[in-house]
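In this document, chain identifiers A, B, C, D and E correspond to the written order of the chains, with residue numbering beginning at 1 in each.
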Amino acid sequence: ASRSQVVVTKNLKVVTTLFPQYDFVRQIAGDKVDVSLLLPPGVESHAYEPSPRDIVDVQKAAVFIYTGKNMEPWAEKIIQASQGKLLIIDSSKGIELMDEDDDHEEPDGDDENEHGHDGEDPHIWLNPIYAQKMVDNIVAGLAQADAKNAELYRSNGDVYKQKLQVLDDKFLETFAQAKTKQIIYAGHFAFGHFATRYGLEHISPYTGFAPDAEPTPQRIAELIENVRDSIRKVIYYEELVDPKVAKVIAEQTGAKMLLLHAAHNVSKEDLSSGITYLEIMEGNLQKLQEGFSGK
Amino acid sequence: MTHLFVVDNLALNYGRHEVMSSITFAVEPGDYIGVAGPNGSGKTSLIKAILGLLPPAAGNITYDPSIAGSRSVGYLPQKAIQSDTLFPAKVKEVVAMGLLAHKRGARFFNASDYEKVEAVLSKLGVAELADKKIGSLSGGQQQRVLLARAMVSSPRLLVLDEPTSALDPKIREEFYELLGQLNEQDGVTILLVSHDMASIGKYTKKLLYLDRQIVFYGSYDEFCVSGEMGAYFGPLSQHQFCWRHSHDVH
Amino acid sequence: MTYIELAFEALQYDFIRRALLVGSLIALCCAFLGTFLVLRKLSMIGDGLAHVSFATVALALLLSASPLLVSIPLVILASFAILGLSEKAELHGDAAIGLVSSFSIAVGVLIASIAKGFNVDLMSYLFGSILVISQSDVIISVALSVVVLVIVVFFFNSLFAVTYDEEFARVMGFNTRFLNYLIAVLTSITIALGIRVVGTMLISSLIVFPTVTALQVAKGFKMTIVISAFVSVACVIIGVFTSYILNLPTGATIVLANAVTFALSFSIRRLRIV
Amino acid sequence: MTYIELAFEALQYDFIRRALLVGSLIALCCAFLGTFLVLRKLSMIGDGLAHVSFATVALALLLSASPLLVSIPLVILASFAILGLSEKAELHGDAAIGLVSSFSIAVGVLIASIAKGFNVDLMSYLFGSILVISQSDVIISVALSVVVLVIVVFFFNSLFAVTYDEEFARVMGFNTRFLNYLIAVLTSITIALGIRVVGTMLISSLIVFPTVTALQVAKGFKMTIVISAFVSVACVIIGVFTSYILNLPTGATIVLANAVTFALSFSIRRLRIV
Amino acid sequence: MTHLFVVDNLALNYGRHEVMSSITFAVEPGDYIGVAGPNGSGKTSLIKAILGLLPPAAGNITYDPSIAGSRSVGYLPQKAIQSDTLFPAKVKEVVAMGLLAHKRGARFFNASDYEKVEAVLSKLGVAELADKKIGSLSGGQQQRVLLARAMVSSPRLLVLDEPTSALDPKIREEFYELLGQLNEQDGVTILLVSHDMASIGKYTKKLLYLDRQIVFYGSYDEFCVSGEMGAYFGPLSQHQFCWRHSHDVH
């Protein structure tokens, strides 16, 4: 059961690392490309080990799309292992520059030793404005790789960006009426760019964006106090992990647990049922509405 | 008289390496048997088989009910110097272990157990070491502690593999006298492996001489009289190892 | 606020009280079993069985079964394999752990690859944190800890005998097989549960640190296990409060408390104070 | 396509050729060092030092330094600590590994917490996969492997003596301290590099499996190390091709090849064929 | 004549536990010294100090350049029965280890080394065990292998801690004769710890009797004549341990 046994088509082969890019490519290119998701659903980059054909697939593909080296450090190595023809799209291109702090150090040339810049949140796709930028990057890359369909990609991209704009507007409108703007989140807070975009407050027991730091007891106590003080007793949790922190807080405060899906990756069922980025974000909108407003 | 145990046509192997075969003999209650033989002749292996530590390749060993299940056996292994000096065990804890065979259920100790431990330690001259860590003792001291462990439960059968190899002469004599008492007064059956033919001759009643088979099994006096002694230990051996006898004969 | 006030503040939270209760009980089990494990050169068993759990959770997800229900029996089997290998293949305990643990990770990775992914992150399913123990985990932990403690106390002398000198124990008519498997089962349960409830990092440390600390100062076996139990529980309590007061991650703080205690007892021995 | 054709197809890819080259060299180093490590009850050192690397990467990120440059010296230090503890604190090797490894994870977690978390998954920064070895890693690996192999061969008899009977080696005028630290340094370098290049899972297995396989059938020490080296390299080669042909993750397949080889040699011994 | 080594006012401790103090004596080249004393009297500790394995708590030991750096010392530890039966080492590999002290650099073996190994194994009657795994030998066989390891490099000084404790009588005699030859013909200096006073009396030239201090240091004959023997081993000891002497006197 391998992707390489699929009936030979002349379609462009595209490999993406995470779900958002995967979905963006589907929206932009439709059936003009064969897009595949490198990371199996539900697998953390930790436990992920490519098989040789995964790598051959990446090499045989025309386009490889990833989020950036903070999100997928291993992607760098896959890129290095590729020989030549592969077109690599860093979908965060340009966004990083927009986000850059003043004290950003210049890379010292040796990209082996590049490391994550503190405070730089890799979850750019959760901000629909950045998502549009990603779409631009992907469209540009696909157009370069497959010039004869370039026009189609551009127009599909424009249509999709329009949808993202609508999504953005809906969020703005909803949050304008909200009674509170605080997200009490029991997971690793991926919604940094999202919160900045809509002027939301957020509180999470974890300080980093990657799941390495353990929560401290005071942070959990703080969360409990916050839930107790809030008008709507709601605690949000993250996708694809066992929501232990949320459960404990819910047990102590009687709060309601709601899933806020950061869309890194989706479950097997969701993937096969063809869930989209927009559907996930609409779901998030509903959940947030529930927490922020009256009922 | 019923046998304490009977070894019947026993063969012992390690993997494909055959150690001994066709071993047949019986031990009576109250026997005091010295087991001797050259290095590698199978003494330790035979003893391990008797204790159930080495499964026979052929033949079998049948025990009298009084010692079956090994509740009344004391054992001193040849490797008496504890290799793991880091193990946190006090001398008295190690010796008390010897009492566990007689207990059931939770096997907790009581006051009289600790008295027994102290008594046997004094008998072997190491009472003042009771609270020391076993790994910090000298070679001979460790051997005495393990002797104490073998003897503390007053077993019906004592199996000792070179028990005096690291003991100083004074303690050695005292130890043999103690064994003699146990055998004479309490009727304890003793199997004692040793290379010290003089002591075997002096203290034990019977000799089992092995060399990958049974060369001799019977009373020590007979061995001295028979040609075997000279054959195995050279012309002078009679004088040397049949000490009490040679002097009687003089 | 003073430290004392902060400590009292901490106590008002359910999750802190649970951490203290479950943490202390698991610490006690680990200290009791740890002494036997460390002396049998099975110090790394916590780590090794964590790797086994990884594979079992992968399997459970593949079969759509409950991870804990698949995990516990398979972890027990793995601990039997470790025992069996060290007997039959004549390996030291740590080499047997190495074999079983590398093999399990490889199997886990293979399962993940064949299954083309799961619906949840394997690791998060498995790894707990002492701060977020659910109601049901509290009940299971308390019940199992009590069982483990009672069994260890009941068989204490027998377990000591078989750990110190297995051959001698056999001569004395002990069922050494049974005792070995008993330790394996108790260890597996404690570790499988511990990994889920307080995480691998903490469970591994709780097995090694208190025993090794006790070994620095104790001469006898009973003393070792008593000191180890005391140190273990004390470090959990100190760790929980300190982490609250200084706003540090709790598991790591408990491990550090253990490290400091070890450093102290090591110095005591080196300076020959005792 | 037949299997043979698939194998030839595999060879046309650079990344496969790299995996074969670097994999074999690292396997050879691991087999050579593994024999000494397993016999010194340091089988789990690969695992332990992987945990140390976790802490060093956290530190490197905190200090904005290059992870590999911070990692290698600190891993070497940690291996000295393991040695020192097993001497000075009179611990078995595996208990010392347990101490150092739990402590490191706790420190890593604390650093991550103090740094208010990082944006990259620390582990993924560290872990390599045998299939994605960069050009520069190939060069470093080849160079270091050759150095390690030459040193081990040069000191072979001395290392054997000090492993078998350290006291006797000292009486004969060996500098046992030097030899111990030599093994520690070589091991640390091999492991730190190996974790980055082929991942912890593979490096741990390559240390334990081939040696243990060899121990089943070899009587002498030289034989053990020769069989171990042969098995180790053969399993890497077989694993790489098999994983290509059957489309399985390569590291896990190599580990399975090792497990099968172990099972074979275990049966040979049990059935007393040798 | 220059001393081989001099022990000057030596004190030895384990932690706070004092083993011995004020030990002063000198060993001359060609000496053959039996070291005796009760269990725990510090024999092994003293030997370890001489070999540099136990750092002195006070005093010091000065060596003649010919044995300094330990390139010409052979050593048999008391714990001769290898505890780790799993270690993969052939008998000949273990014995060859004894030759490494004389090598430099890569310390590889050559053909003549293997001849030496075979020669010493034959001398000790274990030639046929050369290719066996050391862990699969009997206790006495292991002790012989470690003896071979101590002797293979023809050292100038041999330090043997209870070398015959597990040997069978025949091999024991042969071994003592071998030692005698080495001492007489090759001038090897020998320090031999033993509880076997009879053998010490019969074979060694000098006696060092320890009991946490030096009780006696001098020729064995003097010891027999002096009151010490009777004091330590009881009235019969003269007859028993001064065997060759008592028979001369008769």
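By our rule, a contact is a pair of C-beta atoms (placed from the backbone, for glycine too) under 8 Å apart; a residue touches a chain by one contact, two chains touch by 3 or more.
What you are looking at is a predicted structure, and each value in this text was computed from that prediction instead of being measured.
S.K.: Can you tell me the least number of steps between subunit A and subunit C, where a step is a move to a chain it touches?
M.R.: So the least number of steps between the two chains is 1.
S.K.: On the document's contact criterion, could you list the chains that touch subunit B and likewise touch subunit C?
M.R.: D, E
S.K.: Select, from D-E and C-E, the pair of chains that is joined by more C-beta pairs in contact.
M.R.: D-E
S.K.: Let me have the rounded angstrom distance from the C-alpha centre of subunit B over to the C-alpha centre of subunit D, please.
M.R.: Roughly 47 Å, centre to centre.
S.K.: Distance from the CA centroid of subunit C to that of subunit D, rounded to the nearest Å?
M.R.: Centre separation, subunit C to subunit D: 25 Å.
S.K.: Please compute the C-alpha centroid of subunit A, do the same for subunit B, then give the distance between them in whole Å.
M.R.: Each chain's C-alpha centroid was found; their separation is 75 Å.
S.K.: Specify, in ascending order, the residues of subunit C that touch 2 or more different other chains.
M.R.: Residue numbers touching two or more other chains: 90-92, 109, 113, 215, 248-249, 251-252.
S.K.: For subunit A, write out the residues touching at least two other chains, lowest number first.
M.R.: 44, 46, 49, 51, 211, 213-214, 216
S.K.: Can you pull out the residues of subunit B that are in contact with at least two other chains?
M.R.: Counting only residues that touch two or more other chains, subunit B contributes 86.
S.K.: All pairs of touching chains, please: list them by chain label.
M.R.: A-C, A-D, B-C, B-D, B-E, C-D, C-E, D-E
S.K.: Considering only the defined contacts, which subunit D positions touch subunit E in the complex?
M.R.: It comes out as residues 39, 154-158, 160-161, 164-165, 167-174, 214-215, 218-224.
S.K.: Going by the contact rule at the top, pick out the subunit E residues touching subunit C in the complex.
M.R.: Contacts found on subunit E: 15-16, 85-86.
S.K.: Which bits of subunit B are touching subunit C when the two form their complex?
M.R.: It is residues 51-53, 69-71, 73, 75, 77, 86-90, 93-94, 97-98, 100-101, 103, 105-109, 131-133, 149 of subunit B that touch subunit C.
S.K.: Write out the stretch or stretches of subunit A touching subunit C in their complex.
M.R.: Interface residues on subunit A, with respect to subunit C: 1, 39-44, 46-47, 49, 51, 211, 213-221, 224, 240-242, 244-245, 247-248, 251-252, 267-269.
S.K.: Residues of subunit C touching subunit D in their complex?
M.R.: 38, 41-44, 46-48, 88-95, 97-99, 101-103, 105-107, 109-110, 113-114, 201, 204-205, 207-209, 211-212, 215-216, 248-249, 251-253, 255-256, 259, 262, 266, 269-270
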